[in-house]
Amino acid sequence: MDIFEILGLVGTIAFAVSGAIVAMEEEYDILGVFVLGMATAFGGGIVRNLLIEIDMSVFWSQGLYLGAAALAILIVFVLPLPFITQWMRALVFFDAIGLAAFAVQGAMYAVEKAFPVTAVMVAAMLTGIGGGMIRDLLAGRKPLVLRDEIYALWALIAGLAIGLLKLRSTWELLAVFGLVVLFRMLSVHYKWKLPRRSLRSGDAGSAGPGAGG
Amino acid sequence: MDIFEILGLVGTIAFAVSGAIVAMEEEYDILGVFVLGMATAFGGGIVRNLLIEIDMSVFWSQGLYLGAAALAILIVFVLPLPFITQWMRALVFFDAIGLAAFAVQGAMYAVEKAFPVTAVMVAAMLTGIGGGMIRDLLAGRKPLVLRDEIYALWALIAGLAIGLLKLRSTWELLAVFGLVVLFRMLSVHYKWKLPRRSLRSGDAGSAGPGAGG
Amino acid sequence: MDIFEILGLVGTIAFAVSGAIVAMEEEYDILGVFVLGMATAFGGGIVRNLLIEIDMSVFWSQGLYLGAAALAILIVFVLPLPFITQWMRALVFFDAIGLAAFAVQGAMYAVEKAFPVTAVMVAAMLTGIGGGMIRDLLAGRKPLVLRDEIYALWALIAGLAIGLLKLRSTWELLAVFGLVVLFRMLSVHYKWKLPRRSLRSGDAGSAGPGAGG
């Protein structure tokens, strides 16, 4: 196993756990918890594979990842509540590792297939955020990755850097990985959010005094 | 037509009807009813085809299934309400046939392609439940198959049996089919549910007296 | 660029703008606005490509379309509110152009691949409405195209005409295109809706006097 396979494994487990926790919050049964966990862990990669035409047998050959994700989901399902609460704090960090590892991995696949830079960016972003989007859809929620503290942007920038600067060496890719983790954690810590604008009237200022809520 | 094609046809019709009824419950127009019905009938197979790389032309060649599903949807749309109410009871049984036929069919496809046992299980389950999940997503509902009386599990077990025990003969596959129908109907009748756990505080016991909601 | 590429470009931009506006209505951040805009503009084509097995490299080679959609989303994001309000009226017309151009394009792809007429119809409809459906799913809404003034039907009929009458010349296809735009605009103007039926009891008449809600 090289370093990226190890990081990918950590990310897979983190994503599987996050899917399992969302499913438990929605009171899905154990199989629903399992399906949501697996969909979160592997959904991003599957969407990316479809978009840049990677053979699906690659997916099915990664038995170690499938097994590790399944085991992690099972453990979360039986873990006492205080442990889960504690884990949820650590989860933000592991999830950042997943985001970074998947973004780098997605970009590398697109580069290998000689797709243009736009495709490298999309592959990096979709691999990073696709699982979380599928998780939220299956849980009947609006995709958090499109509204929360800055998340998808770091995967997109990672794809841009890898595609544009033609980063290929392990050290360069590890640097990209580290920067994605760092900026994601900074985003969470300082509550960085991307600009948004409301289309409701009155978004340009506060209402006058005495105005009802 | 062999026995599995006939069972698959029954299942396709049952799934199409279930999609049409959900769409009518959501007050979709006739074309929406049609789209939801067809998506329910064929969505599971399409997702499976993408995941285990079956040629899509197989899908388009099944004119009989497409026509039967379309006709069934049309009939449901014009049927008087009392008939639909009665049908809904029979529907649980037909739906179980669909679940079983699709699970066996999905597993057989994955076996033919020499995928590993995990892929056989996933193919069986996704073919069985994928249509229902897409139906619920398109209707803005949380996927029922992940929360309701035991459903997806029987498809998963069918895939495991077929993949692990290398069941190939018509009789063996028919036995698996029959067991899935049987256990699904038992699940509905006895309201068998898989364990679930809530993450809300207080799931382990009641709050003390005087505690606010 | 031939006439269909120009119409497809107009449609792509209109769809991208509609996705961006929905995302802003849901208070997504700028990247969410971007993702929803791009998913609306290209989602229908991607679903169609998967279903009729068009090589994805075709998708990635259309740099002009990707760039135009991205630019349109950016402009909408910074545009003052009154402009957007005005644009939303024009948008119905541009969106009709997108529906028509995408339906014709989808049908042509399916015809090229020698798929049967049913597949031509589905390809036309999915290319036309798929983006809007994905947009609504990602925004946590029920797909509007399945409930609103007649929309998907015109794409379906365009596919039927092209598949059945074997329309191939530019003039024939332009006529289909024009008719889809015309009938879509008529549907909006006269509020044409397809029949629907409710499954709630009492849909056949009002409750008697004094009946509680």
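Order of writing sets the labels: A, B and C. Residues in every chain begin at 1.
As a convention for this text, contacts are C-beta pairs under 8 Å (C-beta built on N, C-alpha and C of every residue); 3 or more make two chains touch, one makes a residue touch a chain.
Owing to the predicted nature of the structure, the values given are computational and were not obtained by experimental measurement.
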Subunit B against subunit A, contact positions shared by both copies (same if over half, else different): different
Angle, in degrees to the nearest 5, of the Cα rotation that carries subunit A onto subunit C: 120
Distance from subunit B to subunit A - Cα centre to Cα centre, in angstrom: 29
Per-residue overlap in subunit B, given as positions that touch at least 2 other chains: 50, 137, 140
Residues of subunit A touching subunit C in the complex: 50-53, 115-116, 118-119, 133, 137, 140-143, 146-147, 152-153, 156, 193-199, 201, 203-204
Subunit B - residues contacting subunit C, complex: 21, 23-33, 35-36, 46, 50, 55-57, 59-60, 63, 66, 77, 81, 84, 137-140
